[in-house]
Structures are given as structure tokens and as C-alpha cells.
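You will see two complexes here that share chain A, one where it goes with chain B and one where it goes with chain C.
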Partner chain A sequence: MAKYAMAINLDRCQGCRACMEACKIENNTPQAVFWMYVFRTETGEFPDTKMSFMPRPCQHCNNPPCVKVCPVGARFRRGDGIVLTDADRCIGCRYCEVACPYGVNYYNWRTPTEAFAAYDVDFTDPEVEAVTGGVIPPYKNPDLDRPQGDEQRMTAGSAHSVGVMEKCTFCVHRVEKGLEPACAEVCPVHAIHFGDVEDPEGPLSTYLRERAGFQLLEELGTDPSVYYVGGGPPTAETREIERPLTEVQR
Partner chain B sequence: MVDLTRRTFIKGSAAVAGGTLAAKRFLFGGFETVEPTNKLLLAQQIREDFVNTTCWIGKQDCGIVARRIDGRVVKLEGLDAHPKNKGTLCPKGVAQIAAVYDPQRVKTPLIRTNGKGGPGEFRAATWDEALELIASKVKPVLEEDPKLFLWQKGRSKAKVFYDTAFVKATGATKLGHGAYCSDAGYRALEYTLGTHAVLHPDFKHSKYILSWGWNITNAGGNKTCWITWPQQMLDAREKNGLKIVHLDPRLRSAGPFADKWVPIKPATDMAFALALCRELIALGHLDEPYLKTYTNSPELVGPDGLIVRGELPADAEEGDQPPALVWDLATGQAVPHAEAQDPALTGEFDVDGVPVKPAFQLFTEHVDPYTPEWASDITGIPADDIREIAAEFGENANIGASIVVDGVEIPYRPVGIMAYHMAQQELGFQTVRAMTMVSMLVGAPGAVGGQLSDFTWKIYKNYAKFENLKVEEGPYDFTLKNSKFFPINTGFPGIVAKVMQDPAKYEVEKLPKVAILHYVNPLTAFPSQKDFLDSYGKFEFVAVLSPWLSETADYFADVVLPTATMEKYEGPSSASDQYIDGKALRLPVMDPLFDSRGEIEIYIDLCEKLGVLYGEDGYIAQINKALPLEDEFALPLDEKPDVRDIFDRWSRMEGLEGGIEYFEKNGVWIKGEVAATKRYGYATDPPFKGALHRLYGESLLVAQRKQQELGADEVYWRDYTAFPTWRTPTFEQSPAEYDLTLISYHLVTHKQSRTSMIPLLTELSGKQRLDMNPETARRLGVGEGDEVVVESHNALTGETRQLRTVVALSEAFRPDVVGMPHHFGGWSPERNKGLGPSPNEIFYTGEGYMVCTADQSFHVKVRVLKG
Partner chain C sequence: MTTETMTTKRELPQGIGRLSTGWIAFFAAMVAVTVVGLYAYFQQLGNGLIVTGLRDLGTGGGATWGLYVAYYVYFIGVSFAGITVAALIRIFKIEKLEPVARMGELLTVVSLILGALAILADLEHPWRAIVNLFEFGRPQSPFFGTFSMVIAGYLFASLVYLYVTSRRDAARLALQPSRFQGLYRFLAAGYEDTPEQRRIDRRATFWLAIAILPLLVIAHSTVGFVFGLQVGRPGWFGSLQAPGFVVLAGVSGIGNLIMLAAIVRWATKTEKRITVDAFAWLAKLLLGLLLVYLYFTAVEILTITYQASAAEQVLSDALLKGTYAWIFWGAIVSLVAAAVLLTWKALTRRWTIAAAVAAGILVNIGAVAKRYLIVVPSQTHGQLLPYPIGSYTPNWVEFAVVFGLFSLGAIMIGVFMKVFPIVPLEEAEQ
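Coming up: the complex of A and B.
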């Protein structure tokens, strides 16, 4: 069986956030929800300032703390390494959010209609509905509404429903179709690479072998499937700048 | 035991899942089902298809594949085969899907029902009624004087149909963005090298570049947008070890890709460039063969500042200039440049009793006072850093080296300059000229790894025109073409706004009467807002083409025509990444939403109503000429064309079997690699297409004298000098309490005003802010997120202007500079009101801030007060 992993090259990332946007459109996430998040940071003082950019999806840990704390088996790790949430099982206790050291979990406080209304765009406009058939958002991806993989569980995260946890799925619905995740697909500077690390001669294994890298919070023993090459991990001096709108608007 | 088949088992599981859902729905009051909200999605047979098209939101029309479900677009992805984006997209490209479905687009043609100059009230109209109304207002003006019909664009996505064919068919005055973008840089390159572009590196071979401004991580270059640009730059870093010296008061614009950050003071770039020139000469990093052969450096200049000329040859044509003379060291006499064996670059000579010097000798003397120490005081860069950069630039230039590309041996000078938006300052034209001279000294223009500008080395029509600048007596037309005010000027909206406010001051008798504003939103996009508020009300009639009710439409449109976004045919667009050439077309991803229409269709119908569609000089004939469509592919001049058919004919004429179906199937037509003999100026035949590079700007000096003769004020003529000459910019003369310089910059998530209409992009970029160094904030007693008032001061008029925004702290800023992205400031649609103001509200245009070739300044002195 394949073992999926991601390599993110920080020497190429330009911090443009195309991956964040592609994730949002592909996975229909509502306003202020970022399954993929790009940090723009600086350290040091003028004029010895340094800057860096770091995309942060779910790390899809091989030893995932979020899975261990889930009381209902909604959060699970597939045999191919993808860590998913079964929306039907999730009871919204948010233990996973507390257990995760990477801050990638989102709790849905709002209904999808409310959450999309926060963009201040009325997708229930009759003339838009005439074209979309009333789906919200109008670019709704039907793949998310299908059960995924051998388990046939609702893990692609279409729900965005009140009381359910959600996070990056490595675009499981795309992986099932043999496609790479939306963030890797879109990256304008080819900084994000996705593939099978069990295949020693595969492009991802080769890419990682040829470059020095690190895992985020390696010392915690979570063993992420996301490998960073180039750059370096954030330090205590790292300051975030240019946050996206992480607060709910309106 | 019940024998479950797999099929019924699955059904059974589904039933259990359904039970959970019902329970959850009960337990959470506001719960919305995880089931699809649309029954369409539940249908077993979902119709999925893919449409090839091009990006509509950005600058360079990247290749896109639109995924559709039952005819509804659900995702935009990059087209693998398109050279510009190679299967990727930027955030804007991805997010434009929200524009397609935006219910706040203008849905039908609108006709104004209230007075202009404030928030508009409109009623819905039919296309026929709206176009009739426009025609009834424009037609009389075309009959009186078509030049009084202004066609203004922000960015047009099919120049042949709009800028060329429509403007020619009507005889309108065309107005682009002028120096609100990089026009001063274009004019500088057209003047100096002859190419129509700003300085652009040859990334495939470049090893060292001097890079200005926000472009590296936010905007790309003038010919390739962000995506192509960073892809090539990153590849150059990995393959060639490219080093980037980044010159900007703000590090963020290059971020981690600045190998050396030079936090230069705003608008002092010319001083830096002149010091580099001085150092390169002092260090002997000079490509003498290039300077002697391909530039006017050896041409002899008399004490009057004019080039010494010989006799007109017998076969000269009318208007030809006598040949410029150089001092031939081989024969010890003055001979025409083309006949010299070894022209002198330095020294003083005697020609017919007159003491003369080669232009290069004068240049050496001109830059001699511009020492690194002198430049250090002005630019804020330590003199040693300037010396180091000059030395590195000179050494990396490998003067004398050559390399074989495509089997052709070409000079190899792997040092580039990226100065695209450096043009946007008071001394923009001469600053870009000065930076071009840095490149010229080492022979880098047109060399491999050196200075490219356009995809192929072509000489633009302005090169010849600029040999003799027309400076005429008034009255002038309302763009001040050939005037004593701006002898080089290709149409600048700031000029038109100023002229409309005070035509007598500019010796203008006739103002434009009617206008079509094609995707242009001066009220928020251009400095200064006040000038457009005070001028656009003077139009008798304004029609706006836009998908949204822009702020300009809100205040000034009599008619608004709703245009489609990605749902239309448009093009053809270049698919070139400067190494691989190609063409692409925008194909409709859906039928136009609402009652919107594609622009080409709109202009066809408008021209019909204006009576300029058919016949020899009509719009159809102009399309035939501009595309071009010839012979059996030409559109009949008496038949209303269908837009898809126009592109089908064009595709067939280009030799593509299947016509437009070729693009429907492949998305892009790859024409092949751009040959080295087309790309590199040295390798064209003749080299540089025969255009001599102008180190010495004789015609600028001649223009200055004519300006003086005609009584123009010093503010208009002082920068028309043969060599770039430093002076302190006007804005620096504001009183000392205006202690900070405000700059504006570009965000990668935005492009023009159309992206600000997309809330998904605002979500990524955040709202407006004032970037400030923490040291400055401490001094002012403000912190992150605090509200402040920013007050600007006009150094010439004493006028002050204010805006209110919030502080964002960054150590990546010079402490004497504050910055704001030049987006935002909109109020239409309503949801944009909370995003914050635009810096264009407190910049100035006009004298002191609109200078020389009408170079617009994006610098102003401000003071920041606690909100």
C-alpha cells in the first residue's frame, strides 16, 4: 500500500497563498476557515531583518495525537497515512483540537449558509440560483459528498456542519482519483510536492533524499508526513505578519 | 441468517448513516445536513466536463482548465501546456471563480436617474435602449470632432478589438493608464534602447540582478506577470546560483529571496544609479566595443550641447539628419560614426576650430561628482555598500565573454536589472534611463544573461519619433500632446484630469465631451482621487463597461453596460514566457451570467448603432486589419459578425486545422522556441535592429530649449537634460513636521480594482493598514492595530489630505517610511466599505508630482497622528 506524504520547499515558497485559495475552492471551506494556512513571518530588527514563508496543512502524523484522544473513533488514520475525520461520527467534543500541536483543526460554529454569508455575497440570489441550482457555495464540489476509500466513510469534509470538526484531508477525494491535493496542484512555484514515500524510487522519495529538511515540532514524536525542505522551523523570535482575515466577518 | 449481498450491505450502511444524521439534526438546532443541499448532486449521473480557457482576472491571461459539473464551473486549474503558468495558478486566478457567480455584479444595463458626482441611482434598461442612448450622445460628437470622444481603458484584454479597431473605427482619443503604471519606464527604454518595455532580466542565464520594488514576490515583471517571473527566478537561483540585490525601503517585496537588502530611501534611485555609473567607470568595468559601436557614446558634442554633424550624403532623403561625427583614433580626424575604425570615447578634440568632446567623455565628467559618499547622504545606503555593489555588478558582467546559444555566439553578460515599477516616481523617466546606463556601461543590453526588455528584440515606433521631439505652440489637445509642458507624453489620465479642471492654464481650447470608460476606475485606482472627482463631472455623457458598478460608474456613469467575466470569447493573447512562444484564446466557461455580454459583442452592436460597423473604414474592416484577417478569412464588410466565427477565422488563418476547435481541444497553440537571433539584441541582423543606443540624449536637451523658448515654467523643462541629472524630489520640500515618506505597493492577491471585488481575495490579503517600523511606532506612541490618521502635504501648494487606517508593525520597513498597499478604498459594492481607504486618496498629481514625461509620483510626505 502507498504511504502518502508531502514535501514543502521553503526555499521556493513565495507566500502567495494560492494553495490556501485552491484549498478553499476545492474543499468549499467557509470564510475564516483555512485547512491550508500560509505563515508570513519576520525575525530580527531593521536593517538585519529576515523574512520567511511557511505553508502549514494538517501534518498527517504517523503518530497522530488527535486520533488517540477521539472518544468515538471519528478521527482515524488510514493505512495510507492520511488522517481523516468521519463527519458522521464526530461529536464535536474538540479533543482533537486540544491534542493537536499544529493548530490545524476547525470547529464549525456556524451552518454552511451562515458561514458563507460571512463573505457578504448572497448566493441565494435567485438569478445565481437559476444557474447553480441553489448549491452553496456556487462552486460546490460534488466529490466531497461521496464516501471515500475502502472504509466508505464521509471523510472528504463536505459537511462544514455545526458541531463537527474539520481539517485538511490531503484532498482524499482527489487522491482517490489519482490526483494530487489541490495545494500541490496549484502551487505557482512548484514548492509543494505530494506522493508515495514507501516507493523508494518514486519522485517524492527522490526529492526528499536530495534535500535537507525537517518536520515541524519533530521533538514531540508525532512524526508528521509533511516534510519541509530548505528554510528552517519557526523560533521563539519569529513574528507573524500579514495575517489573513481569521476572524468571522460581518 | 440473512445472506447480505455487498450491494444490500452498502444500502444498509447508508440507512444507519441516515439515522445518525437524523439524530444530529435533532440535537443541534441549526444543523444543516451533511447531505448535499442540492438534489442535482445526488443524481447518479453527474455530467463532468472541462473547458480550456485563459485567466481573466490577472495581467497575462494564463492558461486555465475549468472543471464543470452539469455546466456549472466548480474549479479553475492551470493548463499544463501553457508556457506562462505551466499548470499552476496564482491566488487571483483561483479566486476569480467567485467573480463569475457574484450576485453583486451589474445584472442588466443601467441608466442613471439622478445627478452625477455622488452615489448613483439607476434603473434597469434593455441592451437596445442603453446602446441607443450611448449612440445618440456619441454620434453628434463624432460628427463635430471625433477627438472629443474619449475612450479610456484601465486594462483591455483584447487590444486589437478595443484599443485598435474600435478607436480607429470611431476616431476616438484613446487614453491608457499612462504613468499610473510604468509608462515612464517604457518611454525611457524606447528613448535609450528603442525597445518597448522596461528593464527585464534574462533569467535563463542571469547570475546577478539588481531588483527594485515590490515585484519579486508580488507582481512579476512588465512582460511576464507573477507566476512566470518567480518560476524563472527560482529556477535561476537553483541552476545558475542567481544572486539578488534588492533595493526597496521594504524588505517584504522580495522577502527571503533578497540575498542582500538595500533599504534605499524612496525616490533616490537615480542618485544610486549615477553613483554606480561613476564607480563602474572608475573601476574600468566598461564594454568599450559595445559603447563605441552600438551607442552614441563616441559621438562628438560641441560646446552648445549639440552633436557635431558632417555633410548630408547625396542620396539623403528629406528629413534625414546629417551623420553624427566621431573622432577616429586610427586616422586622427572626425568622421561619420559608421565610417570610423576606432572611435574615441574620451578626450577633447578640435573640429574646424571648435573644441568638442565625445559624449562618453561628457558622461564621465557628468557623473564624476556623484561619488558613493555623495549618494550615501541621499539614498541612506552606506558608501561602501554602493562600492561593493558596483564592483560585484562589474565583475559578474564578465566583460568580453561570449557564449553559444542556439549555435550562435553572443556576448555573455549575466547581470540583469529589474526596474519595472522603479519608473513610478517623480524622476521616473530619467531614473530608468540612469539604470539603463549602468547596464550599458558593461555592455549588457541585449546580451545573454543581461538586459532584455521585450520577448523579441524589436524597435518601437517611438525610437525614431524621439530623435526630434515635437514641442509646439498652443493651443494643445486635451492630452497635451506635443506641448511645451510634456514633450514626451503618450496620454496620461492625470493630465486630462488637470486640464479638465483648468484648460486655460494648459492652453487647451477643446475638452472631451463624451467618454466610454472601459474597465477603468480612476476614482480609486489613480492618484489623486480629488482630481478625478473634480473633473469627470464635466463630461456631458459617460458610459462605463464593467462587470461591477465601479466607484467611477457610481459617481459619473450615465449608462453602465454589464460585461461578462470569464463567460466570453476574447483574445488572442500571447502565451509566451519569453523563451517559448504561443497564443491562446479566452473561451466562455459558461453562458454569460445575468444579462451581461462580452465586450467584443457589445462594441459590434454599439458600432452598428453609431453607423460605423460596416464598410471600408468600419469596425469590421478595422478588425480585419488589426487581427489581421485576410483573403478568404476576412470578415465580410456588410454582415454582422459572430464572435466565435471571428476567432474561428483567425485560427484558420494562422494555419490551425479545425479553427477555434484547436483551442477548445488544446487550450493553447505552442508556436515553438524563441530563437536566440530574435531574443538577443546582439544577435539580430543587424545587431539591435540597427538602432543606436542613446547614452547622450541630445533631443531631450533640444526639447528643453524649445520649452524655454515657448515660455514653459522651469517645473516642466528642468528634467529634459541630455544625461540624467539628480535633483531633490519635490515632495522632500514639505515642512519638517511631515517627517515620514508614504509609499504604496502591490499585493500578490490583488490586481487593479477588479480583484478588490472578490471577497475571497480580501480574506487572504487582509484589510488596509499602514506598515510601520516598531521604532517609529514607539516614537509616535502607537502599536499594532491602533487607529491612526495619516496626513499628507503637497510641497508646492501646501494642501493637506487625510485618511484613517490602522497600524501594522514590521521590522522590514525603513523607520522613516510608512507604506500602504495601493488596493482598497472602494465603496461599491457596499461590502467593500469596511476594507479601509486607498493611499491614492492622499497622493497628489499635477506640478511637482507629475513631471517630465508626465511621470507620476507615488511618494508624499506625511505625518501620522494617533486616531
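Coming up: the complex of A and C.
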């Protein structure tokens, strides 16, 4: 069995956030939900500042704290290393969210219709409806409504149904078809590499072997499947240069 | 027959079955608060948790666990009191505390129910949660302990204990014609208070008490493990969490029991039964637990400040001198004030009910604040990646639901007092 992993080259990342956009379109995520998120940070004091970028998908840990704490086994790790949420089983206790050191979990606080209506687009406007055909969100990925993998569980998370947890799935519905996750495919500078890390001659293994890398918060023992190459982990001095969309969500 | 029941002939003791205007006013007020709480809860059930002040942590800039989880921890903590006191009475034969034993057991049962309801209020799909826990429950999750250990095992054991220790009074009241005679006969279930039955009962409650004490430590520890086993949140991971939870549970529980005993003593006019000595006993127990807890708190503060990691530094700054400082120091001041008051009373040996009640109120203010501080700051200020500092303010929905839970508990205790003697009847013989 393959063991999927991701390598992200921080020296290449230019912070364009195309991966975030691709993820949103591919997975139809509601407003203020970022399965993929790119930190745009700076360190140092003006004028000696340095800017850096760090994409943050779910780390798909090999020793995932979220899986351990889930009281009903809705959060689980597949044999191929992908950590998924079964939307039908999740009871919405949000324990995975507080247990995750990376902050990758998003709870569906509202019903999907409301969640999409929160965008600054009036989907009921006749002119908009003429384009969208009355569907909210205007583009729905049909793959997401299907059960995935050997377990045949509802893990692709398209429902975004109220009261359950969701997060990055490594685009499990694409991986099942032999495709890369949307973020990896769309990256204009090829900073995101996805593949089988247990295939010693595979492109990902070769890529990682040739470069020094690190895992995020290695010291916690979560052993992520996402490896960062180049750059360096964020330090105590690293600060985000912008405030995300939280105020809009509130 | 007790002297109490003899003198009042047909009337049941302790005002059972007679509704005073004061009681009706209290009941109506509590029902009103509960209805407001229910209204808020149905708002939440219909619209999703978006109507609360809770939000995602990380990019969401909020706290995903808030007031509900804090009060769930608090309510489970309060349950400590009753069954501990009751068990201590059985095991060490402390007769002065006998009159407060039953209200303690009742407090345990009621607060466990409230704790369970508080956690269900936190879930969008309470029904799915119950079904899935039965079908897919995973013992590896500390939350599983909450449902199995605390709610199933501990609540069930407490109910059995409350029943077994109440049976004799039911049997005695069943002898007397009253509107609840049928109920008492049903509760007595053939118990006739013969010396043989009494011996069996005494032995059963003794062993039940012995069995409940470890269950209690385990149950309160699992609540501590919910937080103490998580490396991902600064301020949570630590081996002191579980014992700290057990001890603070005792502090808030005994504090609550003192307040309840004072109210019951006044409402049922049982001043002769519930003596100042009983309050002194409870207050001494409270002081002991409180001093242990203050020691734990000192250890904790030193640990998060002495050589803290950068992330812990952010958290301890927020706690000690930042956003949460007023709650933190408020908690410390009220706990220390209670400890000073109790120590002074213990040294002068002049116990008063007012002093015990004041200490009970102070420690409960401290306990609620400490529960809030364990749940919230580690989410808003405990980020290990460069997310912005978050914020969380509980809104009216959460407050309404929590107050509704409190008033529901008051209703349960108030109704119990009107159908059953909350203070055990005096021994007939001896």
C-alpha cells in the first residue's frame, strides 16, 4: 500500500495563495474555512524585516492527536496515511479541534446554505441566479458527495453539514482517482509535491532525500506526513502580517 | 415514630407536601429562568452553534470550547461533595454529619445530571451523540470516560446509594397516612426496618461507600485527562491536571454542600438537627482540600513562568497580567480569602454558619473562574503556529443555557424537598 505524503518547498513558495483558492473551489468550503492556509509572516524590526510564507494543510500525522481523542472514531487514519473525518459519524464535540496543535480543523457552525450566503454575494439576486442556476454554492463538486476508499465512508466532506467537523482531506476523492491534491496541482512555482513516500525510487522520496527538511512542531511527536523543505519553522518572533477573515465571520 | 412526627400527628415532617408561598415563588422564578434557558437552547438547536460566542480557533480567532465545557467541568466537580461526605460518614462513623448526608447525595445526583446536560448543550446533534457513543464509543478518548465513568457508572452508583440510604425513612413514612403514602410504600419496597434488614443495609452501604470512593477519584481524574493529556495546547499538558481536578472538585463540592445545608436548615426549620458542629466538620474538610489546591496552584504558576517556552509565555502573560488577569487574580483572591477565613475560624475554634457559608460562596466563585481559565485561554492564547491571538466572550445564549441548568437543578432539589425528607429522620430507638 502506498503511504501518501507532501513536501512543501518554502524557498519556492511566493505566498500567492493559489493553493488556498484551488482548495476552496475543489472542496467547496464555506466562508472563513481554510483547509489549506498560507501563513504570510514577517520577522525582525523595520527596516530589517524578512517576509516568509508557509502553506499549512492538515499535517496528516502518523501519530495523530485528533484521532486519539475522537470519542466515536469519526476521525481516523487510513492505512495509506490520510487522516479523514467521517461526516456521518462525527458528533461535533470539537475535541479534535482543541487537540490539534496545528489548528487545521473547522467546525460547521452554521447550515451550509447560511454558510455560503455569508459570502459577499447575494446568491438570490436574479442576475446571479441566472449564472449559478440557483445552486449554492454555484459550483458543486459531485465527487464530494460519494463515499471514498475501501471503507466507503463519507469522508470527502462536501456536505459541510452543520454541527460536524471538517478539515483538509489531501483531496481524497482525487487521490482515489490517481490525481494530486488540488493545491499541489495548481501551485504555479511547483512548491507543493505530493506522492508515495514509501516508494524508495518515487519522485517524492527522491525529492526529500536530496534536501534537508523538517516537520512542523516535530517535538510534539505527532510525526506529520507533510515535510517542509528550505526556509525554517516559525519561531517565537514570527508574526502574521495580516488578520484573517475572522471579523467578517463574526 | 420520631418525636417530630409524633407531635405533628398527620402532618409529614420538614414541610413535605405543604406548599408555602415562599416555595411557590421560588419554584415559579426557577421555572421562568429554565424556560429562558430552553428558549436559548432551541435557538441554538435550530440555527447551529453560530448563535453562541464560540468560533474556530486558529484562523477563526476564537475558542471552540467555552462556557458549556467550563460549566460541565464545574458541575461534575460539584458532584464530588455529596457522595464523599456520605461515604466518609459510613466509613468513619461521623455521626454529626449524618443530617447532611442525604442532601449531599442528592447534590451529587443533581450536579451529575446537570454536567451531562451541559455537555449535551455543547453538541449540535445531541441525539446522534448518544446513539453514536453507544455504537462506536472509543475508550481511548478521555471524553469516553466522561460518558461511561462519570455519567453511567458514577451517576448510577450515586443513585443506588441515595436510594439505599433513604429506604428506611420511606418505610417509616409509609406507616403514616398521607398523600405520598403510596410513593413511600413503593420506595420502601418491602423494607420494614427490622434489626436484620437494618444490619444488611448498614453493611451494604458501607461496602457501597468503599466501592464509590475509588470510582470518584477515577471519574474526576478522567475529566482532568480531557485536558491533561493534550500536548497540542500550552497550559493543558501536565500530570497535575488530574489530581488538581479531583481536589478542586472537592473544594467546589463541599462549598456547595455548605450552602445547600444552610438553605435547607433554614427552609425546613431543622436547626436542631443540622448543628453548627456539622458545618464545622464540613468547613474543616473544605479547608484541608483548599490548602492542597492552593499548593497545586502555586506549583502551576511557578511551572508556567519559571522557564516557560515561548508559547507558554504568551499564555502565562495573558493569565497573570493580560486579558484574563482579572479572572485569574479574582479566583486567587477569593480562594485565598476563603482559606484565611477558615484558618482563622479553625484556630479560634469559634465556628459560625455564616463564616462557613461565606467560605462556600468564595470557593465556588474561585472554582468557576478556574474552570473557565483551564478551558478558554489555552485556545485563544495557546497557539503553537503564528496564528493571531484569539478572543472569546460568551454571549447571552450560553449564559441563558447555563443559568437554565442552575435553575433546573434548584427545581430538582426543591421538588425533592417537598416529597421526601431531605434531612434523614431521627433514630427512633436508642
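Following the convention adopted for this analysis, the second predicted complex is superposed on the first by the 232 of 250 C-alpha atoms of A that agree within 3 Å, B and C clash if a C-alpha of one lies under 4 Å from a C-alpha of the other, contacts with A are read in each partner's own complex, and residues count from 1 in each chain.
Here, a contact is a pair of C-beta atoms (placed from the backbone, for glycine too) under 8 Å apart; a residue touches a chain by one contact, two chains touch by 3 or more.
The model shown is predicted, which means the values in this text are computed figures rather than measured ones.
Enquirer: Output check: A:Thr238 vs chain B and chain C. Expected answer is one of first, second, both, neither. What do you get?
Expert: In the superposition, A:Thr238 touches chain C alone.
Enquirer: Identify the partner contact of A:Ala32: answer first if only chain B is touched, second if only chain C is, both if each is, neither if none is.
Expert: both
Enquirer: Who does A:Arg56 touch here: chain B (first), chain C (second), both, or neither?
Expert: Second partner only.
Enquirer: Considering only the touch criterion stated at the top, classify A:Gly163 as touching first (chain B), second (chain C), both, or neither.
Expert: In the superposition, A:Gly163 touches chain B and chain C alike.
Enquirer: Is A:Gly134 touching the first partner chain B, the second partner chain C, both, or neither of them?
Expert: A:Gly134 sits against chain B, while chain C stays out of touch.
Enquirer: Of the two partner chains, chain B (first) and chain C (second), which one does A:Glu97 touch, if any: first, second, both, or neither?
Expert: A:Glu97: touches chain C, not chain B.
Enquirer: Residues of chain A touched by chain B versus by chain C: which partner has the larger set?
Expert: Partner with more touched residues of chain A: B.
Enquirer: Which partner does A:Tyr107 reach: the first (chain B), the second (chain C), both, or neither?
Expert: A:Tyr107 contacts chain C only, not chain B.
Enquirer: If you lay the two complexes on top of each other, which residues of chain A touch chain B in one and chain C in the other?
Expert: The answer is residues 32, 89, 110-111, 114, 162-164, 239, 243-245, 249 of chain A.
Enquirer: Where on chain A is chain C touching in the complex?
Expert: On the chain A side, the touching residues are 32, 34, 37, 39, 41, 56, 65, 68-74, 89, 91-95, 97-111, 114, 162-164, 216-217, 220-222, 234-236, 238-240, 243-246, 249-250.
Enquirer: Over in the complex, which chain B residues touch chain A? Could you list them?
Expert: Answer in residue numbers: 10, 13, 17, 20-21, 24, 27-28, 30-38, 40-42, 46, 69-70, 72-78, 85, 87-91, 93-95, 97-98, 100-104, 107, 217, 226-227, 230-231, 234, 237, 251-252, 255-257, 261, 263, 590, 593-594, 748-749, 759-767, 773, 775, 808, 810-815, 830-831.
Enquirer: Would you tell me which residues of chain A are touching chain B in their complex?
Expert: Per the stated touch rule, the residues are 10-12, 14-18, 20-22, 24-26, 31-32, 40, 42, 44-47, 49-53, 87-89, 110-114, 119-123, 125, 127-128, 131-142, 145, 152, 154, 158-159, 161-164, 182, 185-190, 231, 239, 241-245, 249.
Enquirer: In the complex, go through chain C and note every residue touching chain A.
Expert: Counting only chain C, the residues touching chain A are 47-50, 54-62, 64-65, 119, 122-125, 128-129, 132-133, 135-138, 140-144, 147, 226, 230-233, 310-311, 313, 378-379, 383-388.
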